[in-house]
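Dumping the structure here so I can ask a few things about it.
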Amino acid sequence: PPEPKPEPAADDTPVTAMFRGFASQLDSKHDLYERLVKKSRDVTIESKRIIFMLHRVTSEEQDRQVLEEAAGRFRQLEGGTLRQIAEELAGHDPYLYLRAISPGLQEYIEALSFYHYLLNDRVISCAEVQQRLTYPGGSAEPASGAEPSTTAGEPPPPAETGPGEGEVGDPLRLPLPYHEYVLGLADLTGELMRRCISSVSSGQLEECWRLCALLRTIHEGFVNIGNTGPREITRKLATLRQSLTKVENACYQLKVRGEEIPRHMLADVFSATDDYGAHDDYAAD
Amino acid sequence: MDSSNNLSDVFLQYSAYMEDEQSLREEIRSQVRELEQTAREMTTLLQSVHQQDGIQNIPAICEKAKGLYPTIKEHYAALSKKVPKDQYYRFHDHWRFVTQRMAFVAALLVYLETEQLATQQMVADAIGVALNKEDGFILDLEDYLAGLLMLSSELSRFVVNSVTAGDYLRPFRVAQFLSELSAGFRLLNLKNDNLRKRFDGLKYDLKKVEEVVYDLSIRGLKPKQET
Amino acid sequence: MDSSNNLSDVFLQYSAYMEDEQSLREEIRSQVRELEQTAREMTTLLQSVHQQDGIQNIPAICEKAKGLYPTIKEHYAALSKKVPKDQYYRFHDHWRFVTQRMAFVAALLVYLETEQLATQQMVADAIGVALNKEDGFILDLEDYLAGLLMLSSELSRFVVNSVTAGDYLRPFRVAQFLSELSAGFRLLNLKNDNLRKRFDGLKYDLKKVEEVVYDLSIRGLKPKQET
Amino acid sequence: MDSSNNLSDVFLQYSAYMEDEQSLREEIRSQVRELEQTAREMTTLLQSVHQQDGIQNIPAICEKAKGLYPTIKEHYAALSKKVPKDQYYRFHDHWRFVTQRMAFVAALLVYLETEQLATQQMVADAIGVALNKEDGFILDLEDYLAGLLMLSSELSRFVVNSVTAGDYLRPFRVAQFLSELSAGFRLLNLKNDNLRKRFDGLKYDLKKVEEVVYDLSIRGLKPKQET
Amino acid sequence: MDSSNNLSDVFLQYSAYMEDEQSLREEIRSQVRELEQTAREMTTLLQSVHQQDGIQNIPAICEKAKGLYPTIKEHYAALSKKVPKDQYYRFHDHWRFVTQRMAFVAALLVYLETEQLATQQMVADAIGVALNKEDGFILDLEDYLAGLLMLSSELSRFVVNSVTAGDYLRPFRVAQFLSELSAGFRLLNLKNDNLRKRFDGLKYDLKKVEEVVYDLSIRGLKPKQET
Amino acid sequence: PPEPKPEPAADDTPVTAMFRGFASQLDSKHDLYERLVKKSRDVTIESKRIIFMLHRVTSEEQDRQVLEEAAGRFRQLEGGTLRQIAEELAGHDPYLYLRAISPGLQEYIEALSFYHYLLNDRVISCAEVQQRLTYPGGSAEPASGAEPSTTAGEPPPPAETGPGEGEVGDPLRLPLPYHEYVLGLADLTGELMRRCISSVSSGQLEECWRLCALLRTIHEGFVNIGNTGPREITRKLATLRQSLTKVENACYQLKVRGEEIPRHMLADVFSATDDYGAHDDYAAD
Amino acid sequence: MDSSNNLSDVFLQYSAYMEDEQSLREEIRSQVRELEQTAREMTTLLQSVHQQDGIQNIPAICEKAKGLYPTIKEHYAALSKKVPKDQYYRFHDHWRFVTQRMAFVAALLVYLETEQLATQQMVADAIGVALNKEDGFILDLEDYLAGLLMLSSELSRFVVNSVTAGDYLRPFRVAQFLSELSAGFRLLNLKNDNLRKRFDGLKYDLKKVEEVVYDLSIRGLKPKQET
Amino acid sequence: MDSSNNLSDVFLQYSAYMEDEQSLREEIRSQVRELEQTAREMTTLLQSVHQQDGIQNIPAICEKAKGLYPTIKEHYAALSKKVPKDQYYRFHDHWRFVTQRMAFVAALLVYLETEQLATQQMVADAIGVALNKEDGFILDLEDYLAGLLMLSSELSRFVVNSVTAGDYLRPFRVAQFLSELSAGFRLLNLKNDNLRKRFDGLKYDLKKVEEVVYDLSIRGLKPKQET
């Protein structure tokens, strides 16, 4: 963060001198805000790219490779841009700048929780995410994998950590408000829906049922929140419901279509086998 | 000076009056918030009928949800005590939404248990309010109807999930129910824009359920007992 | 078939209920329209105080306007008969606007005749409605206050036109009146957005009148009796 | 099933989190309401400087208003205790408006007593909050600036009433003061929409005061000591 | 004074003019309301074609619905008497919606009985209005077209229910009918936003029916007589 | 009005043949509408220009000349574009096309009533305006002064009067709904206000008072209408009120300024003399 | 006087300039209307590919539609002459919609004839506009992409009708094509909301086509030549 | 596979193109921000003409402000390089506001130095942009006119302060200038709502200046050299 640099002009009145100080304070606040907006945008872009990549996950062997690549990119993101955000924020009231970083944070949570679901078949908790955004050793050396970012021209973080420099021993952390985490989860449902739609095409029926159940559970959670949460949630709830409807309709279609599959043809259609299509009373054909 | 003193007295009086009303409104709001909390819990509980295993467990789910009725009734009783008898409609907006939701919940429970339509009387009894203005805190007719129209949307979703869970009979029965409900609403001369829009939703829900019935029929999945 | 018949009976009943309410609303609306007509006539009559010759004729203008009070009272009596006792606030929106206007008209008349502030009681009496909910159709406090705030805007216009008509004393008295009224409103904790916005208007009106006083003072047109 | 258990933990935690937040917000809101009440009283007291007799009694009026500072400080102390460290801006919206008003009140008092611009430090001291985040509950710079911009509007009104009360010197001094203030604000790169709009107001206020100065000048009422 | 007298004539005249218009509109509105009531009854009767047993009973249902035509004609005759010549479009908005609905009803009846598209003439005759302005109260072309577009939506639903009821031939015929209707509409240069939006609906309906035809074809349920 | 020209294609089904007829009906309705919109726009432009010109009226001699020029231009407008509109509308329900011609009509009424006020010092009535828009002899020869318009390419009115041709004897008239007339009057107040502001500068105090009184009377008329009229009126009422305030403030300023005029200077300031400035108790100066 | 004359000359010049622009806009609008007319005709012609007999006659239908290209090119040439070279984006909104439609038409024609994706260059050539800003009136990239996304929706409908008409091969090829198209769009970082929403539509079109492929596969209707 | 590779190449190309445009917009925005900074500095410098001592120092103030023209020109040159020659109007909104402000600044400088109206050419030259589209980055006519209308408001304030500072000649000259400017604008047929509203402002500015002229005249302060 650039220090205030009021350059009093020769003909300044006391009032103008004072306002030069204000100008410099407002500018540095605004500059920090802008820097955070840019970094947040970088986080959004990279998170969206990881999500795109994760949608490629289908077969076992490929999975491992893609998931490993994703793991690496998350490490880079967390050690790079996200860490820089944490450093910029150190010593500031994070809520003053929340609106600047919120879009990036939510997209990161969306990507990370999608990855985590693919890897572990469960939803990552808020504490787990916070853990990943906590950097032991405080303002230590920048993460080794820091990506070559467009912000290269800025002063290197270790040299000048700004207002927070007094607390070198404390772990550096990018504070994650619970609301942001939950809003990220709400976005996750869109990706789960997309994954379900692709699963239908690639015949991974088992996963469709699983995704459908998961989406229903998330939906229940949000129904219980209702309109008590931040206003954004209400807006996202509508999208969530749409995603849920799409998934439920896809599962429904799989079911009714599956009901008329002649058993012997199953192998031709789906590469993966499953315990599916027990009924045989399909229509005259 | 005399007139000025007088004027400030008058305004102090107005001020006191407005503060009273303000705090009444505050109390109502806080009471409604508790009611909403319980209503949300009931809704959440009922959501599980859409899960694969929920469809086989409807009676148990209903029992669990109905376990919250006493709390709902307590909330309505408390609310009713706060609202001056002749000012129901002054504060109606505060509880309108949650009451519509409760009408929906009650009607859904009745449908799940009996496959019948809950009447206004049945809903009022279930949540512990009156039907006639003379008897105090009431269930407004339009709120009840709004609840029924939410029911239709929930049922159309339920039909889809029933089929997914392997229950091929339900769509035929729900189609019949919604078709009757739709005929009922057609009898009303809906001036209320909100209801009218939701009624359009019911037509859409019915169409959706008819398409499910179609999907089953064309695939020969229409169960025998239906003809 | 049984259930279906039953359902259609229930809905026929609902339908009848809604039709009744619909026609009640229709009657109220048509009664309010008549009331509005008379209120508009009174407002129009009072507009002539702004004319050059009107300022010299204030008592006559007031008398003429007051001649319509009996009609106003009849309208309120008729309206009051239509509205079920405990449903005032259900239909309040229908007459809210015209009642605010009547509060303004009554307060303007009182001011023009006595240079005093009309109390809620005085306004209620003038238009023939009650003050306490127990006594039936009332004058809602916020509607009364809205009427007062309209008064301030009319007076600031009146001050300008008084000066044009050569009356240099009035601005000083109106400035004093509005300053007291403003102090009165400051005592209220206005939650109602509409009132709050109109109160900003009162501040602006006062400023405007103060500027007229300034214009007169700086030109030495400040009459002797004011110091 | 594993994932579903895990998820219900997530939502249970969130629910608890929101309840805590809800009740904290409730407490803050109620504390702020008390603060607003006192702030309103101070503003009302200061209104009397616009009266004919008030202009001669400025010191007494200021003393009376300043008598409420201890109460203001208590409210801020109580508020400050409720707000967790480093979460000032999480709840800022709750007290933003009243703090701007208090900045205005404090700056007006300083101006009336010394004809100087109150610094951020002076305002912070007057209402009992800190200037640096490290020292606790602060006075946000933008809120302080918003208070100064309210001051300009009050002063432009004050100038008009001063002239009416026969004080022809004040406009020249206020014009100078506002002109400096305006030059100061021009140095700021205002991103905050609210401040930017209010700054337009300052330009207008300055113009208004310049016109009063013009009125006095052209009539030869410009006192000797000003050149 | 001359100009002011003259002006008061202007406004008196206007006032009278508006009262006439107001009461004429009131009469029209009340007449239209009756028309709407009958139209709603016809629509409700026709709804039963979607029922399982309704599809087998189309002629009977049509007869029953057509039994209401005389009432419809009476309503239009009464309405027509109220509307001054050459002022049809002054009040058009009042009956526009119900006339579109009646055009739909008439076109549906014609389709159900003959599988033909009802011409504008046929619809006008059925509901008892004219086609040419010279002959009195008319059926506006755009209202007729709007009715046809409602028909397409009803038919797409009807096709689904026909298949459910075991009628596999109908979808092929309806697809052909809607495809021709769609080709017709494509010839129009639709400036009317409402029609344009509904035409998008027709495209969607056609697609839906084409999918039903596809479903039947792929399952070999395409009856022999169709090639 | 162009006659329907459905050209049935060889492969037309009965349905498409029928729709060709509809297309032609819709097109000719739309074309008429568009033609009327264009003519209405021409009326608006010419009316606005006349208003501009009328604002030049100040001194007696010049007045006569300007007012005569205005009279001529009104005759041309009424015999030209407005008559063309009447001819286009003949035989049609005018309310079907009211929205097309309404802006032009209102602007014309605004201009005409402004002119009429300057000439006769009173407001023209609705009947008088209707009189000017009534053309005896029905579809007779075009007015001699018809302006060389851009619509020259269209068929000459006498040759083809369209659906209304049966009623040759009836007077042709452009129907003027009362609402349009009143809306035009509402617009007039804006011009009266502008005239008042100019009068202040040119020192025609008498006229200011007159205009102020007139505006107040119009305002009273509209107050009595309230919100019972068409919605447009409510919108225009706000503008009317603004105009009134401006005029009242101007009169107020004239008054307080006048009060401090030294009597002997009056002649220097105002060219017109008046019975004004009776008070002498002006400020020390 | 000199300066005044000069000033009025300058303003007359400005005035003329503004009138010119106004009439230019008018001309553009009218030229675009003609273009839209021809575009509509082409679309209508191409609709017949969905007909039973149309699917067997694709080459003839394409020829007929392509017969209108010269007219389209003339319209674009005329339009291009009207638009000042460097002001394309000043008036873009006027022809944006019709150009997207033409991009769709051109891409559909290319697909029907070659089963290839029409590049931006191919579309630009077909309708007679340039690709590079240097060469004049261009085909904006986003308009081209919007056209491609309309294509996907048309093809999903086409697939359904192809199967009905007995062509079991086409779905497999279209599925491949749309899958590649979808992969292409995934490479874009779509900022344009409109495009992004349409891209979601492409995914659904693809899913629909894949379901048709599935339907054919399970019935062994997958033709041999596809692997 | 071949076609697929090709397709993905094409889309990669499109993708790159879109990214470029995005970053171009970013660069333009940041360049405009710098331009705004300098424009603000010039405005601030020119504010001092309203000060007592400033009015005596106009030439020096103008010189100082003009010292920033080179920077302004650099910014416009840099901006101009970024904007593709034929896409001025694609990005116009980004610099529209600051260019209006610069037109105002340039016109004010010309007026203060020569008491002439700056033509569009003069303004364009001063800020270093072209007048004709052929010559590159231009000064749009409407932006220039908006700048002139800001000038009138500044001059009306300037006139008031000039009189206060004892300059009695200036009001007569400014009145003449604004009267000519107003006549000029009357020649334009303003379609642009924003300009039209600002033009109403010019009329009021003129009235204000004429009132000052009047004030001077009645006091015999009209200097001799003016006739």
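Think of it as A, B, C, D, E, F, G and H in the order they're written, each chain with its own count starting at 1.
One rule holds in what follows: a residue touches a chain if its C-beta (ideal position, glycine included) is under 8 Å from a C-beta of that chain, and two chains touch if they have at least 3 such contacts.
Because the structure is a prediction, the values reported are computed rather than measured.
Participant: What's the rotation, in steps of 5°, that superposes chain C's Cα atoms on chain D?
Facilitator: Angle of rotation between the two copies: 90 degrees.
Participant: Under the over-half criterion for shared residue numbers, do copies chain D and chain H use the same patch or different patches to meet?
Facilitator: Different, since under half the interface numbering is common to both chains.
Participant: Compared with chain E, which chain's mean CA position is the farthest off?
Facilitator: The most distant chain relative to chain E turns out to be D.
Participant: Counting only C-alpha atoms to place each centre, which chain is farthest from chain F?
Facilitator: A
Participant: How big is the gap, in whole Å, between where the Cα atoms of chain C centre and where those of chain F centre?
Facilitator: 36
Participant: From the C-alpha centre of chain A to that of chain C, how far is it in Å?
Facilitator: Their C-alpha centroids are separated by 56 Å.
Participant: I'd like the Å distance between the centres of chain D and chain E, where a centre is the mean of that chain's Cα atoms.
Facilitator: 63
Participant: Enumerate the residues of chain E that touch no fewer than two other chains.
Facilitator: Expected reply: 183, 187, 189, 219.
Participant: Which positions in chain F are in touch with at least two other chains?
Facilitator: 213, 224-225, 228, 260, 283-285 - these are the residues of chain F that touch more than one other chain.
Participant: In the complex formed with chain D, which residues of chain A make contact?
Facilitator: Touching chain D: residues 13, 15-16, 18-20, 22-23, 25-27, 30, 93-96, 98, 117, 121-123, 125-126, 178, 182, 185, 213-214, 217-218, 221, 224-225, 228-229 of chain A.
Participant: For chain C, which residues are in contact with chain F within the complex?
Facilitator: Touch residues, chain C against chain F: 36, 40-41, 43-44, 47-48, 50-52, 157, 160-161, 163-164, 166, 212, 215-216, 218-221.
Participant: Mind listing the chain E positions that touch chain G in their complex?
Facilitator: Listed in rising order, the residues are 179, 182-183, 186-187, 189, 207, 210-211, 213-214, 217-218.
Participant: State the interface residues of chain A toward chain G in the complex, per the touch definition above.
Facilitator: It is residues 45, 52, 194, 197, 200-201, 253, 257, 260-262, 265, 268-269, 285 of chain A that touch chain G.
Participant: Contact residues on chain E for chain F in the complex?
Facilitator: It comes out as residues 2-4, 6-11, 13-15, 17-18, 22, 86-90, 92, 117, 119, 133, 141-142, 145, 180-181, 183-185, 187-191.
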